[in-house]
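Going in written order, the chains are labelled A, B, C and D, and every chain counts its residues from 1.
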Amino acid sequence: MKTNFSTRLLLLALVLFVQLSFTHNSYAQFTAKNEIKIPDIPGYVTLKCDFHIHTVFSDGSVWPNVRPEEAWREGIDAFALTDHIEHTPHEQDIRENRNRSYEIASPRARELDLVIIKGAEITRDMPPGHFNALFLQEVNALDTEKWQDAIKAAIDQKAFLFWNHPGWKGQQPDGISIWYPEHTELLEKGWLHGIEIVNDGEYYPLAHKWALEKKLTMLGNSDVHSPVSMRYDLSNGQHRIITLVFAKEKSTEAIKDALFNQHTAIYWENKLIGEEKYLKPIFNRSIEIINPDVTITGKGRANIQIHNNSQIDFELIANGTSDEISFPSKITLYADKTVLLKISAKSETLTGTKKIGLPYKVENLLVAPQQGLSIELPINVNFIPADPE
Amino acid sequence: MKTNFSTRLLLLALVLFVQLSFTHNSYAQFTAKNEIKIPDIPGYVTLKCDFHIHTVFSDGSVWPNVRPEEAWREGIDAFALTDHIEHTPHEQDIRENRNRSYEIASPRARELDLVIIKGAEITRDMPPGHFNALFLQEVNALDTEKWQDAIKAAIDQKAFLFWNHPGWKGQQPDGISIWYPEHTELLEKGWLHGIEIVNDGEYYPLAHKWALEKKLTMLGNSDVHSPVSMRYDLSNGQHRIITLVFAKEKSTEAIKDALFNQHTAIYWENKLIGEEKYLKPIFNRSIEIINPDVTITGKGRANIQIHNNSQIDFELIANGTSDEISFPSKITLYADKTVLLKISAKSETLTGTKKIGLPYKVENLLVAPQQGLSIELPINVNFIPADPE
Amino acid sequence: MKTNFSTRLLLLALVLFVQLSFTHNSYAQFTAKNEIKIPDIPGYVTLKCDFHIHTVFSDGSVWPNVRPEEAWREGIDAFALTDHIEHTPHEQDIRENRNRSYEIASPRARELDLVIIKGAEITRDMPPGHFNALFLQEVNALDTEKWQDAIKAAIDQKAFLFWNHPGWKGQQPDGISIWYPEHTELLEKGWLHGIEIVNDGEYYPLAHKWALEKKLTMLGNSDVHSPVSMRYDLSNGQHRIITLVFAKEKSTEAIKDALFNQHTAIYWENKLIGEEKYLKPIFNRSIEIINPDVTITGKGRANIQIHNNSQIDFELIANGTSDEISFPSKITLYADKTVLLKISAKSETLTGTKKIGLPYKVENLLVAPQQGLSIELPINVNFIPADPE
Amino acid sequence: MKTNFSTRLLLLALVLFVQLSFTHNSYAQFTAKNEIKIPDIPGYVTLKCDFHIHTVFSDGSVWPNVRPEEAWREGIDAFALTDHIEHTPHEQDIRENRNRSYEIASPRARELDLVIIKGAEITRDMPPGHFNALFLQEVNALDTEKWQDAIKAAIDQKAFLFWNHPGWKGQQPDGISIWYPEHTELLEKGWLHGIEIVNDGEYYPLAHKWALEKKLTMLGNSDVHSPVSMRYDLSNGQHRIITLVFAKEKSTEAIKDALFNQHTAIYWENKLIGEEKYLKPIFNRSIEIINPDVTITGKGRANIQIHNNSQIDFELIANGTSDEISFPSKITLYADKTVLLKISAKSETLTGTKKIGLPYKVENLLVAPQQGLSIELPINVNFIPADPE
């Protein structure tokens, strides 16, 4: 040993001093959990889920333990690892075992209180294309010659099955989703439960229509192969594609139950896609009208302050008129902010207090392709006639 | 086929419309290269390098092809993959072959015009601790029982060898770097060429001192195991630890030559660590005094505008005085900005044009532990005596 | 008129098309209100206030109507305009009337539901220095020759009086706060009610001590002269200095009452300064321990997830030990995030469920100069002895 | 005096310690100059100018000295203060003198080496609407009853005159620009020299057309009334509307000369508007093709790295085809980044080195309404036929 005690102390002080001077403010982003601010709806928790994720065990580029770490930081509640069955380009280096990604990721997922689901991607030519099977017990059983057998093997394990990226250019000419007889066959057998409406950055309007017509569960997933943080600018507010699951509780069973009952919506960029029965309560619970009771004198005006506690900017377009009140044709209720809605009386002879619902469409809450959610903003206006002069 | 031509056209239009509405402005961060703005020095290019990186082939968590992709986006010119020889926790799933991470990553590295170096981390108990060997041909040859044999195997391949994280708490009590007789032995044999002064977020002041005394090449490396973007907030301007190599050109041979000749410095947070002969030209080439010639009347003042074209905020503290001029005791020359340096005459009787060098220390350009680089800001002041009234 | 109807329509379409393509996402920052996320405390609302603001009517550089607009966007509830009485450098251009800044700003303040307070800055040499008087009726009455008369004129209007920036270098040598006999005189007369502990970017530790000893109301104010957005980087999370007022409601009277009763704290950078009785409930209402009940087997570990719903990063340093549990010596509870607190059992023979309070100091909640708030994080650990093998 | 020397020293130490712990990293944004990165063109410097700005001396909300401070920080080279002649709502409080805003702002402008231009806004009903007059000597002379006299007074002072916001909804029904006989009269007299194509956030495509047809100087100005930092999110990269002036040097005379000779373009959001002779050299000097010489074997591919040193993201759409090479139909050359342009050979039998110009339109460099600039990216491809097997 070359250093005596006092030198050692001095060095320790120096080292400590240097270490204390580190500051990693923005490091919080990486090591802490960022909640996804979309509210629960009456009777259900709104779980943020991603049911389409790859690892090095198929053609992904991360070790499985990265996936729970990412999910936790991004505020994801549940995720499925769904490596390809039939596409394993790393097999020169990685020993074949389709259960391993789930096994490796599970301990960290549990430590972080995440629901992890064992899944796989059945990866076949079109038709029928690619399908994810969730809630599997033994993935290797799906490695069959015929695609029908692979799907049957999943169904035998009581899996939830959904059609992946139905408009993917790799399998559909011009990127238009085509529904083949094979899909009708699967649907009629009760083997097709859901369909991806959004995959990675792509939205499939036809699939959206089919989901509504055929009562298929709508899914939106990341299909991420690389580290998530190489694909999305998480620090600047981007988020991966997420399936919102409206479940009785945060558990594998409750999620399975919700998926089989179409209790889902999709969170994609600044949009939600889903049925009105889900999007309306999300909107209502996100919005607070700070001062719903206002007084207007004559043809004067008033400012309604509206707060949005969600992380979605709601883009509202007027969807009708009011006899008494003029209101903006367009307003954005910014995420986590309070905005001013300026209204004015249409006539100076109005009198008394009136309940008025200001009619708007929320352009980025999609209840069908290109169709926004209709809502009303309820206010109470006390009209005081202008003084005659 | 269920759709006729006109429907198909309509759908195509719909799909295209939806796709055109995507905007991913901040996505640039991820798919484009961000230059590291530190200038070349006379006679040399300043290469940005990382010589300590892991993959799934030892205890890292990414597939090797992620490493060139990250490096290119971050503006790195050259990197070494240095998986542990003796620590391969993924061996249940990954077939053993210590050359594979280099082989897998090389094609993408070449496509992106990056220099990729075959390396390995000799991973032994202290003493002597961990060592990186760069420029290897056959990594498996380093898998020996005795550490001496491993190092000899590297030397036999003409490798460049450096001691990793010499103050790492995992191997040094209290995190104080201790120099053992084994290190003396290696040094005397000519087998120890460099030493990490900074590893991941840690700076080792004692190692800094040793490097200066013993003429060891200074290195600063990321030692990254996870995806880089999970460890650094790249979108907000954080960067991995980098070794700057002052080389004749961007090539493996030129880098090797530079490393064996101590032509390096370290870029860590907002600091550079290195010898004055490197840090001074970097500072001088980063700074432009926009208006070096100013006129001061009587005891008046003048504003010197100074532009910094590098990405380092230079933190200057006055390091002496001037007989004629008062100048700020402290000023930061912000990266990529122009700041005002306010000066004033000390006496109202000064006359004539004087060349003045304003003496400062650059606190975050470290030529030795806690010792900033001394510089002078050269200006020419034309003093005009105040009018007598 | 040069255009026919159809051309007109075409042009309208062109104009509309161009206008629709505008996107000003980040514009939200400027036109919307950003709440300051610091919770109410039991029995009181936590009002965010700034009691020291200038306009062009003294030496400020904005028209008075800018001040309510800024305040609303920044989430301020109440503010006072306090132009200098004795320092009006714009008088060549602006007609003298010390009530005008309040009169001009008031209509917009009311429209935005802000409390606006009529004030003024009595601006004298040291001693006694500068004093703000709040809740005035007629500011011109304070324009007297002797400072004693100015203060008396304020007291006659039942004003709240506080000493501004008591350690300002412009009036105190070396920037050290000095308490003069004049201040004792004011205090003994009951004419001095409060003192600024923080002004603009400066903190006065001696004033902090005096406030505690002499029961003076603590204030922290911006003293802003320029546009606030030229002084603080609001888009990147900076905020002006704010006095938190714990009031029965958001009204002028309730604020006045709170000020006279020392119901205040100060929000400065990432710090709060105030008495324990205010800072403790703010901390407790900001923090949620997501999983307070954990199980540890043997010498195993558990992860406590802690959410912080405020906008302050709480910086915790261990302040004692536990017999049963090891816990981190340092942890930051990041604003609006959930972090992991990793604990482990000290012995493998522990058994049964124990209530444990993990003792910490919150370094950036200052109950006295350099003294952080002491808190305990309550958890319940169910210890299960390790299986003997 | 209550403190002895050693206490004083202790306090000083405490105060200093506290002050040293301040960190205002992002403060750089506010107190430093941010260059606008748009290159000079051959023979001219590219000056960044704003010729339409208000202060409290008409209906603006800042004192004139704020304007040079803002301009400097934002990288503006020259600006005009153009308070309304006929609209002075603050006159109850501000003494009337239309030269004062220029006089007050000038000293600070000169200190910061900015060109400041004395101007005014002639503010009349439509027709003819609002006009800015630049390079005035005596603004009060423009305060006439008839608009013709006001314009003549400006012309008598050799002013440069331009029509402001010709499609402003406040004066043009539906926001469509209408050209009145009065404008023809002004044009024929040689009294109308320029026209705003962009004002604040609005673009007037008709005015753009007129400017091209009638050889009017194109201007784009902020028309800012509030603090600039309340209107634009400067910290997040937004910028005010700017007129680029291509001048022989940075001086009042050179700017005047350039304006009278239509040497301008407009920088608005991420767009430039101007004649091809200006936009083409700006594009060419912004772009560097890092590796123009590439080799392709057979039907292989190559990556062209293209660096953009300007602060504009150039949005390129293919504008033709090449017989030999396939290239992307769309690519964005991100500001301050290097992107990959992936090309591939159309046939495997190509041989020899070919000079190829990849044809693109730059969608956001507008040479006419909705018409992007045509450019070619020059590369040299060395084709090597594929080996027959």
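Keep in mind that, in the parts below, a contact is a pair of C-beta atoms (placed from the backbone, for glycine too) under 8 Å apart; a residue touches a chain by one contact, two chains touch by 3 or more.
All of these numbers come straight from a predicted model, not from anything done at the bench.
Undergrad: List every chain that touches both subunit B and subunit D.
TA: Both-contact set = empty.
Undergrad: Using mean C-alpha positions as chain centres, tell me how far subunit A is from subunit B in Å, no decimals.
TA: Taking the mean C-alpha position of each chain, the two centres sit 38 Å apart.
Undergrad: Could you work out how far the Cα centre of subunit A sits from that of subunit D, in whole Å?
TA: 39
Undergrad: For subunit C, write out the residues touching at least two other chains, lowest number first.
TA: none
Undergrad: Got a list of which chains touch which?
TA: The list of touching pairs comes to A-B, A-C, B-D, C-D.
Undergrad: Which stretch or stretches of subunit C touch subunit A in the complex?
TA: Spelled out, the residues of subunit C in touch with subunit A are 25, 28, 31-35, 111-113, 291, 303, 305, 307, 313, 332, 334, 336-340.
Undergrad: Taking the touch rule as given, give the residues of subunit B at its contact with subunit A in the complex, in rising order.
TA: Where subunit B meets subunit A, its residues are 1-3, 8, 11-12, 14-15, 18-19, 22, 24, 26-27, 29-30, 56-57, 60-63, 65-66, 69-70, 73, 90, 92-95, 97, 100, 104, 167, 174-176, 178-179, 201-203, 205-206, 226-227, 229-236, 238, 269, 369.
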